[in-house]
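Heads up, the next two complexes both have chain A, just with different partners, chain B and then chain C.
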Partner chain A sequence: MTDHPKLLVVKDLRTTFATPSGPLPAVGGVSFELGTNETLGIVGESGSGKTVLSRTIMGLQPRRNVEVTGSVLLKGFEVVGASEKEKRSIWGLEVAMIFQDPMTSLNPVMRIGKQIDEILRVRQGMDRRAAKARAVELLELVGIPSPAERYGVFPRELSGGMRQRVVIATALAGSPQLLMADEPTTGLDVTIQAQILNLLDSVKEQMKMSVVLVTHDLGVVATRTSRIIVMYAGRIVEIGSTREVFRRHRMPYTRALLDAIPKVSNPSHSRLVAIPGRPPNLLDLPTGCAFAPRCAYATDICRVQRPRLEPAEESGHAFACWNPLPVAEGALT
Partner chain B sequence: MSSSLIVHEMVEEAHDRPARKKKLGVLFWICVGWLVLNFIGAIFANVLPLEDPLFQNYAVVNAGPSLHHLFGTDDLGRDIFARIVFGSRVSIEASLGSMLIGFGIGAPLGMLSAYRRGKFDSVVTAVMYVLLAFPAIIATIAVLSFWTPRSLLKIIIVVGVASIPLVYRVIRGATLNYSTRDFVVAAKVQGATDRRILMKELLPNVAPVGVSFLLIGIATVVTLEGALAFLGLSVNPPTPSWGNMINESISILQTNPWLAVFPSLAMCLFLLCLNFIGDRLRSHFEVSEGKI
Partner chain C sequence: MVRYLVRRLILLIGVVFIVSIGSFYLLHLLPGDPTAVILGTGDTPANKAKLFAQLGLNKPIWEQYFVWIRNVLRGNLGTSFISQTSVWSVVKAALPIDVEIIVLSQILAFLVAIPLAIRSARRPDGPLDRILGAGSFTLLSIPSFVLIVLLVLFVSIKLGVGHTGPSSYVSLSADWIGNLESLSLPAITLGIGSFVVYYRVLRSDLIATLQEEFITLARSKGISARRIMWRHALRPSAVALCGTAGVNIGGLLASGFIVQYLLSIPGLGYELIESVGLSDYLVVQGIVLVVCVGVILINFGFDLLTNIVDPRIRRE
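The block that comes next holds the complex of A and B.
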């Protein structure tokens, strides 16, 4: 073990893409920490940089036209600047990833069992028989019925939810400490979504790992995360324990996101709440707060100077806003 | 209205049912059988009870089909059936040999280009497009007319090199289709090496496209040999080849039409079978592709 008590320490991480129309800061200075056996939710709209952030933490970025600065320490391993060969030593074994679309994240011409025991044999050095036994075990762990028979089926013979379970099983094969889940339920039916999230929860407990859950759906993170990061335009605008962020959020953007969740208790045919305006153009970010043009509380200073993350009352809770919502008003039941 | 709904439901059901095999059809297997027969003939021509394809029997020239000479004889009294069987060797050797060169160089380059992208891809693709810009047939004819004495090996080399950019383009395109999918990224973050991703993840997906293009390639080379023979650029007579035989038959087409009919028929059937198999395989794999 290393001297870092935290599993993951991200410091001032910036990912900038070089585009023909100039540098695009997809992630613009993000810092946070993640302990062991913790679930962190990263929420934000499309284009807020949450996917790029999760991929940068993995060390997955295009080979060209991208600049990554800052630091990502994963169990003491510096991901930023590491070569692919070096990263291969943590990929799969320390950190694994599951993807948005289970339709494309499995090899269509390989039997699902093979896709799991490949990893076991290559990365864990298991022999054929042990790998197969373990693969069946993993399939059972992720809730595939009659796993021994399903071992030999092709992905196309499974439904979307089943495929996502297989994807999770492949991610678990290397017994990683950290599982990055990039919108793992977006491609699935609503009824299946809850099952997959519960599954993630239970495997997290069983394998004593941490999970980073990237999503645009606050409902997804509400009950399953211990902490939440709210991202906007490549930056963290609010971070805190799930309870704090839901109950005592200070950033108007967080409030807007929460308001946008349709509630069953609303009278029927009531209008869905939307956040006015569009996400900012990252190529041409305003000098002030990136949310200011869409914010009902914006004042002059918001348009001139970017607010920094300020700690709130509870430790670990911080927000970036010049005109934070009063604590009482932020209460949400 | 309701019937379409029912059909829809049935399709859905079929989708969930595991392990259902699609059939390739009887015609497919007949074609495969015919090709296998051709290959056996080519390989064992020496051992089979055939007449010597070079033996000139002046007692029977320009004879029509008979029990003794199944397909008749040519103007020099040589047995046409024996010459067709021996002639298939040239066609098959030329096509397999040149495809070996074309795929041996074009396919790995294409896969690597599509997987690595970047500078490597740009450079190799540019070189391939320069090669493609030459009209392949004319370039082949030009090279073969100057590179004497002609031999089967030279034909194989020239045609093989000419096919590299074509194979490259097809394989690169097919690989690109898969190399950007999540399962490749997934394999990568599982710690798979590039080599492993290329061999285990990409190759099995690209293979169906490669195989059907290989069949088309073989068919094209067989035709090309015919064309070259027609211009007198194929193997030197008296070695029989399908192209040579058709070429020789032209001058005596009026006195002995059989001489043109049988080699043409042999080539035609061979090509037809290849194309049909290629087509069948492609649609076979494409359908399952659509279901993914």
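The block that comes next holds the complex of A and C.
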């Protein structure tokens, strides 16, 4: 390790829900590291465990019927196994979260300004006036017009995009070093999506944060992340620098995800590419590769033995596949 | 907002009229008339008829109603056939007792229901939640007239606490401690009935609210569970509670009447039941009117409170 200590070190993280039908491994052994001022994309279909992963990293998973093992070191703080009280000391100030749906993630009966400056007053003991001034600054930072007047409005008086900006301001209030963004643009209009992503980029630079961007849309992470994790059935199936994953991915699932992005250059009315089959049932995972039933390249070994993450040519790039795509074929056209 | 208030108010006036017509008509359907009470059963039919006409009871009902409502609109509730005192003085003496009982019962109910609902919602299906669930259900199924009898039996007879038994009402001006004692059992009885309803409504709403994404967001700010509960969860969960309380208090008046009657506490309920027995039409009419206006105003008040609690409702 260099003299840049890692901000976040995740080792063999497993999150298992106890359900009436048996244990459900939503996250099944995930390891990765994240440096300071870095943006990491976590990509996967619905149900691939990316949301549970991001919440487990924060220690925000549901409190009951959940078992978490492995390790999450956040600036040296071990999140796994920490009590709610211990985790509260890092929440908001070291790590903050932005949620998927800005319509439901703000308290509908609390003025937005109060929601932003709550952390300043409660956690940092700022007085009312100073906290309000800071909240107005934050509203301005996230691009809310006439922030002073907006301080006292209720969430329903704002559009979805504006609300997500307020959620971002809420997350930034405690000046965290790590921002977990769980599908921050999924609930928004396409035109607003780019604005919110640009905003995240710019606040990340201004506040020298690291960002974990969780999304199902590879298009979202393409230009804004330095590294990408592709998840399938609760496990990492490919990890690498964004450039490598796009240009020289080896895992057929990554390829399938890339193919599923509609391209403007396609002729109109051409069929959208979908991944055949459905995501696997986590209660009843196949013994081999979880993607094998949907994979065009699957062979016998794929169905019996699970592939491990193997390093590719470039350092930091790894994939879990018995029949990886040849490097040349993986190149995007 | 002002338009909304005015519209509500007009509606309320209509309700008061309809209720007063209804009660006027129903009252006259009752067998017996005040002349029998005033003159006794032995008097001559001629005297009865004379008194009947004097009281204005020989006119058609609708005319009697118009005479009455005209006086009411001029601020005159009339006089009692039996005691010849003004109806207003009867109401004035009795109403504060009802208000006191209800206020005390509601303070008790909310003071107990809110903290217990919060505890229960913190661990749904936990031991406390289960005990309270079963306990509140048991209480819900005991009618107030049974509860008051049990309370009298234990508190005033077994424990011998003063001024709590039947016919031991002490007025507020005479001795406020005695007054509190004499109204404590009615207040507890009504309070228990309200507590059960408030506890159940608030508990289930809190449990639903705590599943909301904004609660997770509040958690992710690192603020205490206590603050999340009181600042973030309670208010959005209190909407149904406010509505329920408004309706419940209307119902409380009725159970309050029975309890008052059983303990001979001279509140509106006691006076009402007495007056119905005496066919003292105008006293009954006056009390019904006051109660009706009271219930409507209470509901109106809670409507406003709901608006304050949840600004989402403000624009219907």
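Quick note on the criterion: the second predicted complex is superposed on the first by the 328 of 333 C-alpha atoms of A that agree within 3 Å, B and C clash if a C-alpha of one lies under 4 Å from a C-alpha of the other, contacts with A are read in each partner's own complex, and residues count from 1 in each chain.
One rule holds in what follows: a residue touches a chain if its C-beta (ideal position, glycine included) is under 8 Å from a C-beta of that chain, and two chains touch if they have at least 3 such contacts.
The model shown is predicted, which means the values in this text are computed figures rather than measured ones.
Trainee: If chain A is used to align the two complexes, do chain B and chain C fit next to each other or clash?
Mentor: clash
Trainee: Is A:159 contacted by the first partner chain B, the second partner chain C, both or neither?
Mentor: first
Trainee: Once chain A of both complexes is superposed, is A:99 in touch with chain B (first), chain C (second), both, or neither?
Mentor: both
Trainee: Just chain B (first), just chain C (second), both, or neither: which does A:58 touch?
Mentor: A:58: touches chain B and chain C.
Trainee: Who does A:307 touch here: chain B (first), chain C (second), both, or neither?
Mentor: neither
Trainee: Determine, under the contact definition given at the top, whether A:107 touches first (chain B), second (chain C), both, or neither.
Mentor: Both partners, chain B and chain C.
Trainee: Could you say whether A:25 touches chain B, chain C, both of them, or neither, answering first, second, both or neither?
Mentor: A:25: touches no partner chain.
Trainee: Can you tell me which of the listed chain C stretches (4-12, 22-30 or 40-48) runs into chain B once everything is aligned on A?
Mentor: The overlap with chain B comes from chain C residues 4-12.
Trainee: Can you list the residues of chain A that touch chain B in one structure and chain C in the other?
Mentor: 58, 60, 88-89, 91-93, 96-97, 99-101, 104-110, 118-119, 122-123, 156, 167, 170, 173-174.
Trainee: Any idea which chain A residues touch chain B in the complex?
Mentor: The touching residues are 58, 60, 63-64, 88-89, 91-93, 95-97, 99-101, 103-110, 118-119, 122-123, 153, 155-157, 159, 167, 170-171, 173-174.
Trainee: Applying the document's contact rule, which stretches of chain C touch chain A when the two form their complex?
Mentor: 212-214, 216-225, 227, 231-232, 235-236, 309-312
Trainee: Would you pull the chain A residues touching chain C in the complex into a rising list?
Mentor: 58, 60, 84, 87-93, 96-97, 99-101, 104-110, 118-119, 122-123, 154, 156, 167, 170, 173-174
Trainee: If you look only at chain B, which of its residues touch chain A in the complex?
Mentor: Within the complex, chain B contacts chain A at residues 16, 18-19, 117-118, 181-183, 185-193, 196, 200-201, 204-205, 288-289, 291-292.
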